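Chains: A, B, C and D, in written order; residue numbering restarts at 1 for each.
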Amino acid sequence: MANEPSRIPVGIIGVSGYSGMELARLLAGHPRFALALAVSDKWAGDTVGDRLPFSGPSATVRIRPQAESATAMTGLELVFLCTPAEASLELAGQALAAGVRVVDLSGAFRLAMDEYPRWYGFAHPRADLLEIACYAMPEAGSSSDIRQAKLVSNPGCYATASTLATLALLRGGVIAKEGIVIDAKSGMTGAGRKASEEMSFTELDGDFRAYKVLKHQHTPEIERTLALAGAGALRVTFTPYYLPLRRGILATVYGRLLPGKTGADAAAAIKAFVADRPFLRATKPEGVRLHAVVGTNRVLMAADADPERGVAIAFAAIDNLVKGAAGQAVQNANLMFGLAETAGLELLGGTAP
Amino acid sequence: MANEPSRIPVGIIGVSGYSGMELARLLAGHPRFALALAVSDKWAGDTVGDRLPFSGPSATVRIRPQAESATAMTGLELVFLCTPAEASLELAGQALAAGVRVVDLSGAFRLAMDEYPRWYGFAHPRADLLEIACYAMPEAGSSSDIRQAKLVSNPGCYATASTLATLALLRGGVIAKEGIVIDAKSGMTGAGRKASEEMSFTELDGDFRAYKVLKHQHTPEIERTLALAGAGALRVTFTPYYLPLRRGILATVYGRLLPGKTGADAAAAIKAFVADRPFLRATKPEGVRLHAVVGTNRVLMAADADPERGVAIAFAAIDNLVKGAAGQAVQNANLMFGLAETAGLELLGGTAP
Amino acid sequence: MANEPSRIPVGIIGVSGYSGMELARLLAGHPRFALALAVSDKWAGDTVGDRLPFSGPSATVRIRPQAESATAMTGLELVFLCTPAEASLELAGQALAAGVRVVDLSGAFRLAMDEYPRWYGFAHPRADLLEIACYAMPEAGSSSDIRQAKLVSNPGCYATASTLATLALLRGGVIAKEGIVIDAKSGMTGAGRKASEEMSFTELDGDFRAYKVLKHQHTPEIERTLALAGAGALRVTFTPYYLPLRRGILATVYGRLLPGKTGADAAAAIKAFVADRPFLRATKPEGVRLHAVVGTNRVLMAADADPERGVAIAFAAIDNLVKGAAGQAVQNANLMFGLAETAGLELLGGTAP
Amino acid sequence: MANEPSRIPVGIIGVSGYSGMELARLLAGHPRFALALAVSDKWAGDTVGDRLPFSGPSATVRIRPQAESATAMTGLELVFLCTPAEASLELAGQALAAGVRVVDLSGAFRLAMDEYPRWYGFAHPRADLLEIACYAMPEAGSSSDIRQAKLVSNPGCYATASTLATLALLRGGVIAKEGIVIDAKSGMTGAGRKASEEMSFTELDGDFRAYKVLKHQHTPEIERTLALAGAGALRVTFTPYYLPLRRGILATVYGRLLPGKTGADAAAAIKAFVADRPFLRATKPEGVRLHAVVGTNRVLMAADADPERGVAIAFAAIDNLVKGAAGQAVQNANLMFGLAETAGLELLGGTAP
């Protein structure tokens, strides 16, 4: 072990939320990043190992209160912000000022300036940061941008699954840009960790319903990401639902089949899209299931079409806390530091079942 | 109680399946039907009360083996067939020959003759029965036909929720006939009662996936029912999913919004559709949840639209074993015998949560 | 219907909690009680039918705010208090003063005066009410007392299942009074309806744990009820757990087998205990399952013993919201008004599965 | 990597069962074992990576049919048998004859010769193998025996949790040997992977019940292991239940408190027991929850006592597929090959929630 390269010190602000916990798990097994700072008011004073079930050096890190974030970041190479958008706006500025690179997991830097009032309900106060933020979904955009970025905006969970499935059909020339419909179902960790009667076990077990119908803030994020990925200006209809399970998103994309195209073309579009992308896997539509992705950074994808009805259908499944949050954050951090894209993300085995 | 009208003797063939069990529950509380025959090879010899948790006269009925079905039907006014399509084809003929009216809950009489090979995998052997069968979804068709019918074909569970939501938008003049997409999620009782590794708790808990993609037999049933209901010839794309819960279907319908129409028009179309239909209820999209319909014969419906994206969206939720099977069967039987449409179906309270 | 006996007007204070909702469901189908008052701050202004999925006269009752409880009770024959113990202490006094009989579902009147500080954390302020309160578990005590009671204290859910299983073994002379252990598992509706991170779906789904170990307030309730039922002074060890499901309690009782006794004696003790009690049913140990009682007022019971190990084991399962709360409340109310004990409780069919 | 020690080639027979799948996951991340053989009739012809969601060298192993097991084992250092007891009896002999060491995860070598007819229903055919088999629960016995063993019998899942909790109380001198009661609840992966109506989602979701009451084959295994661990001859009463979740066992142990002992003594006994055992952790009773162990090889333990009632209570929670099967198998294999006991088992993070 004498010549092992030195570890890159990183921090997590907001370690007691579900994304923060998952990120701590991933970093504990990462070959190059070393957890040097963990922040949470709720857990302040305990060690990471007191709260999360793993061993090793990460487990010995003592958790610090939010008020110490700014000073405690000094000396880190990178900080992951697992905080609400309002907190991220402030912390990102502090980190960059201290020379610390940032991966932000909130929605603070995902949209264009003028979209914030409508979709997030506030006017964005930091045009300067939004300007330099790099929205980073490696399979949809250019990873070279990510390498240079000081401030990476990590994509939303729904946006990740939805954008990749849609992009595969668009890139394959299978569907029209008009009339794209995305029906996306998510496990409950996607709603975060909070006290709410609506989120109680009794209210959710055995239930299923849509929410934020025609109003979800991932709608413009998907549209913008598709545009950035070269699909041009388009509009998508996006409907999210709560599934009575903890982890996983399955997004279904319906598009208008272009003339002459078939189910085989749809399937081929998926195969072409996943090629050479380490976390993407093609399968058949019935094989896109949450059990096959939970606990991993994978995206499982499939597509088919019905020429008689003029429609193509694509499916993508992810673990919302891994590829939809903490895993993609590590993937982006790997790119930022010139590491292998899959470092620390390869041997994750799911625990499903 | 001296002048209480006499009870109408009815039977259930296939009482040990989930639809049969639910039907026994509903009939036990029905004011006019009396369970006089229950058939199941699996439970033969026991009483209904040995197997199902309710009391009263129904509970004392002794369950008979399948082989005795034909002879045991004599003297009944009506028999409910909760049997696979193959068995229903035979039993329906026997019942009618014995002067017993039939409500069949299988797919044996739901489609046109020429659709059976493709969607059910067999050539329909009884053109004579198919000819006289009355497909009976009271809210979609004419209840006068049902009153006269000797053989009622009870709709499929997905078809019930999907057709009603689609029909509301079409009747309201909100959407075009082209490009209708239905994304429908069902609880696991919809898959019936059988031994299968795929249906095991471990494989399904925490999982979610589509099945029979572009191939489900309720596709032509929905198309045919919409045509019979006056919507004209049209094609729908239908995708079913397994939800990790026991009861309930939520169907989401996407249609192309007609020019000038708005979300208010979509909501108004639902309100107009549910008016004067005792089991239909309008609410807002986020209110269409399974908990609100489980254990009842209700259909909860809502709609909205996004003119900017040119799409309307409608939701319908039902209990797949009640309105999607046994409850609708009782509703149809009520109409067949000139009873109140809601007899025995009004005071059902769900047990959710 | 000309000669139908007049309805007995009753009220529910706290209709928006899980017990209150279930009680409204049961009363909607009751042959003699008529819901005349429903109180809840949360739902004030809506009708019962706006909030709960059933029809009929009960559904039209408009819900009133808590502040109007006292005045609105005037003219009722009976009020069900589905309120926290603190509120019940006050409301019970108001109701009795207005000549309204009371069934209280809280713990306000379940223990002896001197037990309140230790187990409920407060000194009981109303010795006068506690004096006249009748703790009413019809299968454990004397129903003649219940008939006369002005103030009925409805048993706790764990206490109901635990007491009945223990009493069956004790009455049958199968076990010693010393060393009784009760290990009881409950669905999450037992924890009530509240906003709490600990009660969130994500924290509970897939989890299982004990709580209030050696400290649960049903411990003295079980001991006291056994003593009142003639078992003499004894101590039980009681451990409650949260099950990841909504409804149902399964209590397991371990006792020291008396010399010469066998598994057959244990089973016989159950059979003797359930005889002539309309809601009790005997089965084999593996048959005591939650699905068989959910939605009903039944208690499913079984027992066995291992002479080699000197132990007897008994099981009891109930629906915590029915026999463990609202159903037993109706059963008690039936007795208070001289109605059939099973009125309105017989044809309940569960919806499990 | 030039000086990396060479990998030890190992095989899994029965890779498509839940224990086999979990073992494949653990071996994929193990620093010294290399998966060189995977056998399953069901998956024969596919690679491990086609079936399980991880990458790396293990994923490229092609799965072979059962019939090739004996020949394919040649050259391995160790084979894990994730097969039914009947198959293990045969395969263990073949492996040992070929010079391959064995860790058997079935019940084939867990009991004494004369206990097989009663508890497993067959007369044990291989006294020779039973003679040399080393029952290996490292925290309960002597790990020096394990180091020498050619044939290791891996403990049962219930037996692991139950034995450790009981042993802690006995070693701590807190409870008597008489009258020990164990009430143990397991997730459904414990029932294995098979087609069965009883194991279907609809039958199990929302349900809870005991099974094999007073008849479970882990009863003598616990008794024997306690005896081997120095607790002397004793009898335990053991009751298993199915929990509606996938992974995890929580065992509750009740014992008769010895005179003068207190809750503090019980807690101290746990603390002493977990000291220096890398996979054991002490917490408070309410902290022993399945979420905290799922996906890890940990045992979470706690205890308390009630001197007034003369009882001590201890809890232990494990992941039945990890510490209860595959994880303990790797732990044992580590010891057999002189590796660190925690190799490949340390950085497992659960995915709960």
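Simple rule for what comes next: a residue touches a chain if its C-beta (ideal position, glycine included) is under 8 Å from a C-beta of that chain, and two chains touch if they have at least 3 such contacts.
Predicted model, so just to flag it, every value in this text is computed and none were measured.
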Joint neighbours (chain C and chain D) are A, B
The chain pair with the larger count of contacting C-beta pairs, comparing A-C against A-B, is A-B
Of all chains, the one whose CA centroid lies most distant from that of chain C is A
Whole-Å distance, C-alpha centre of chain B to that of chain C, is 36
So, in whole Å, the Cα centroid of chain A is separated from that of chain C by 46
Chain A and chain B have mean C-alpha positions lying a whole-number Å distance apart equal to 40
So chain A residues touching two or more other chains come to 18, 189, 202-203, 205-206, 244-247, 294, 352-353
Interface with chain A, chain C side, in the complex: residues 18, 188-189, 191, 193-197, 199-206, 244-246
Chain A contacts chain D in the complex at 18, 25-26, 28-29, 52-56, 189, 206, 246-247, 278, 292-296, 298, 342, 346-353
Within their complex, chain D touches chain C through residues 178-179, 181, 183, 185, 202-203, 205-214, 235-237, 239, 241, 243-248, 250, 252, 254, 256, 263, 285-291, 294, 304-306, 308-311, 313, 315, 317, 352-353
